[in-house]
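In the two assemblies presented below, subunit A is common to both, partnered first by subunit B and then by subunit C.
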Partner chain A sequence: MYEFNLAGLLPYTGPLPRAIVLTLWLSTLSILLSVAVGVLGALCRTSTSLILRWIGGAYVEVLRNIPLLVVIYLIFFGLAQVGLRVDGFNSALIALTLNAGAYMTEIFRGGLTAIPRGQYEAARSQGMTGYQLYRYVVFPQVFRIIYAPLGNLMIGIVIGSSLASVIGVEEVTTWMRRAGDETFRYMESFLAVGVIYVVLAQTINIGRIVTGRWLLSRAPIGHRR
Partner chain B sequence: MSTDPSSPVLRIEGLVKRYGPHLVIDGVDLDVAAGQVVVFVGPSGTGKSTLLRCVNGLEDIQGGRILFEGQPVLSRSSAIHAVRRRIGMIFQGFNLYPHLTALQNVTLAPVKVLGEPAKDVEERARGLFRKVRLEHRAHAFPSQLSGGEQQRVAIARALAMNPHLLMFDEPTSALDPETVGDVLAVMEDLAREGRTMLVVTHEIGFARHVGDRMIFMDGGKIVEDRPPEEMIASPENPRTRQFLGSILHH
Partner chain C sequence: MSPQVAAYWYVFLKGVGITLWISWLALILGGVVGLVIGLLRIAPWAIVRWAAIVYIEVFRSVPPLVLFFGCFYGLSFAMKLDLSPFSAATIALTLTASALMAEVVRAGIESVTRGQWEAALSQGMTYPQVFRYVIWPQAIRVMLPPSVGVYISTLKDSSLASIIGYVELTKSGLLVRESTGISFEVLLIIAILYFIINYSISLVGTALERRFKYVH
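Here is the complex of A and B:
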């Protein structure tokens, strides 16, 4: 008879901390890089240049319509076939970044298009350079708009990082399969990892909320209310 | 900036502005001397806003030239930022920065664009809030202010840059009638201080009280340019007469 026994996993918890760190590291890097891709992508998609708009649009449409798993295979196995070897971690990082970058682009674009023209005109009429205009007027407003959708996407990245297990990255899902195979305690390992993902995703989410509050509370200039 | 007092603050020569094939400014010549208050009137769509937007390079131009304090205004050159710092613009829709308090709206550009110490700017800003009669609202966000209050903050924001020219594009058109007077009062104070101002408005009372010149525009051209009192009393051009008639009996 099957008997639930979480303690049966105990002998295999040794590599777990490393696996958790790797999942967190992969997710955090993917989030940071995809934010950068998203900002660039959104600036392209809202650019006055037709070519940039086209490139941004094509990127989003292509990457949104290919499953993340397929992108991971393409980079890990596909590129290897044409002689470009990328290791497992970096393949997963690139794939997650490209995939999430497409969604980031759409989130940032939504934020950018929500800023009325008058804001740009007011800032320009005060002599702001392009950098100053985005830094002090546009992005702070965009940030408030995208703050919530960004949270969903960040959690999606943490969860998506589990697909790195298919190319042998030693992260949490890989640990789960191995621990299950070795102990036959599949149910226990699945449940344990399920809980671990909830905690990791919420850790990143709380990180977002704390950073967000901190950014929002900072006055752009010397004084506060 | 040493400028010859006899040379105009603003000189516009043969200005042409097109949007695609659509001719919007059709050869405008205009000199504005220091301290002059020039009021622009005319039917909607005749290029009044566009003219102001060309002056600070928010629009590129297709012909003629604009000299501000002797320097050409070139919308795509890097020198345009320096020109805009010396020209304050007030918009019909206020365009305050909604994520900043009224005070921060006023201090942002002097600190970040002019690089002045925040403390000095804040002190100057407090003075400006008194000037626009909003001392008590300095820490409110734009969404907490009435239209008239927002427009007065926008005026303070423009003044904080110590501009040499102020441009108002229908500053009271989006306001509830009861708050129009507060904004006009502030503008009249500025005019009496000897500021150089370009004002697009249909507030004939303002033109009459403090305007030095009234310019009637139609079809992208200056049709008539005279002292307000004269133009209102006896418009020369039939189009001017018709237009003034329509707004005076409103």
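Here is the complex of A and C:
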């Protein structure tokens, strides 16, 4: 009978904090970069130029339909053959950013197109400057639409960062495989890392719910529920 | 396409078939499990609801790669099951897909207003009857388009089965890459094949969405 023994992993916990930090660092960088890509993509997709709209649309469709793992392999192995050597961490970062950027583009586009044209015109005719228009009219409404999918996507990025383990980045999933290989305590290392990911994801999830409550409490009278 | 790679066309073709098969299998199994979990999620008893929420949140939060690893090595060692890569991949994909499907099912059923339950019950229908004849036909229309999204996501996750040595599309590509020594071209072909499959499915999804567009 299998003896469940979590203590068997104790000698291997030394590199774990570093691994968690690396997972967080990779995820945070990817989130920040993909927000930038998403804003740019959304501006392309809503632009008046047909070419920009087409490029934005093609980017979203291509990256949403290819598995992240294949994108990581393409950048890590594929580009190396063409002569561009990118190390493991940066390959994962680029792949995650490109992948999440496509979803970000769709989220931001959804937010931008939800504001009726009339509001821009009304704000302009009240004498608002461009900054005031976005700061007081557009952004508060857009944020209310996008915070929920944004939270889900952030969880998706943390989950996606686990794929960096296939190209040798020493993050949490790599630690799990190594600890399992060295102790044969695969079930224990799987459960331990599972708990770590659940905690990370639920922290984001709870943050999203709290933000949602706070936003609703600040909603204008007519929007209050 | 260079001739060395083109010579392996049947490997790619087989990979496409296996990827379609395992993701379809996982979608069906995940749909059945997800339907049960989704119904438990809106059950009248708080404990059952919470159990369903924990199930959904756990399998949405644990990366599929970690699940593949846990199912293949973890279960094999802990339960002395000696699972094949195929069984382990199917279990892992089903767990992820079922958590997504549970949310789709819940959204579908909750989209039908409470008043319809009350109206149907007050007509003397039993709970199963209300569900079968009133709620389900309306809920399924709301559920179909997002189910297509779950299928695409499951199909993409199935690429992770390559990690535990199951030869689907991604692993086929990696094998061809090893035997020909050509990386970029082979991986690009794999990417294009995934794109063609998933984009076609998403077009079907858009068509379904239009077909089932329904105003309450």
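In this text, the second predicted complex is superposed on the first by the 192 of 225 C-alpha atoms of A that agree within 3 Å, B and C clash if a C-alpha of one lies under 4 Å from a C-alpha of the other, contacts with A are read in each partner's own complex, and residues count from 1 in each chain.
Keep in mind that, in the parts below, a contact is a pair of C-beta atoms (placed from the backbone, for glycine too) under 8 Å apart; a residue touches a chain by one contact, two chains touch by 3 or more.
All values derive from a computational prediction rather than experimental measurement.
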item	value
Subunit B versus subunit C as contact partner of A:Leu163, first or second or both or neither	second
Touched partner set for A:Leu74, first subunit B, second subunit C, both or neither	second
Which superposed partner A:Gly180 touches (first subunit B, second subunit C, both, neither)	second
Greater residue coverage of subunit A in the superposed arrangement, subunit B or subunit C	C
Touched partner set for A:Leu98, first subunit B, second subunit C, both or neither	neither
Contact set on subunit C toward subunit A in their complex	57-58, 60-66, 69-70, 73-80, 152, 156-157, 159-160, 162-163, 170, 173-174, 177, 182-184, 187-188, 190-191, 194-195, 197-199, 202
Touching residues (chain side subunit A, partner subunit B) in the complex	116, 118-119, 121-129, 132, 136-137, 140-141, 144, 219-223, 225
Contacting residues of subunit B [partner subunit A, same complex]	56, 58, 81-85, 87-89, 91, 93, 95-101, 103-104, 107-109, 111-113, 118-119, 121-122, 139, 157-158, 161
Of all residues in subunit A, those that touch subunit C in their complex	2, 4, 61-62, 64-71, 73-74, 77-82, 155, 159-160, 162-163, 165-166, 173, 176-177, 180, 184, 186-187, 190-191, 193-194, 197-198, 200-202, 205
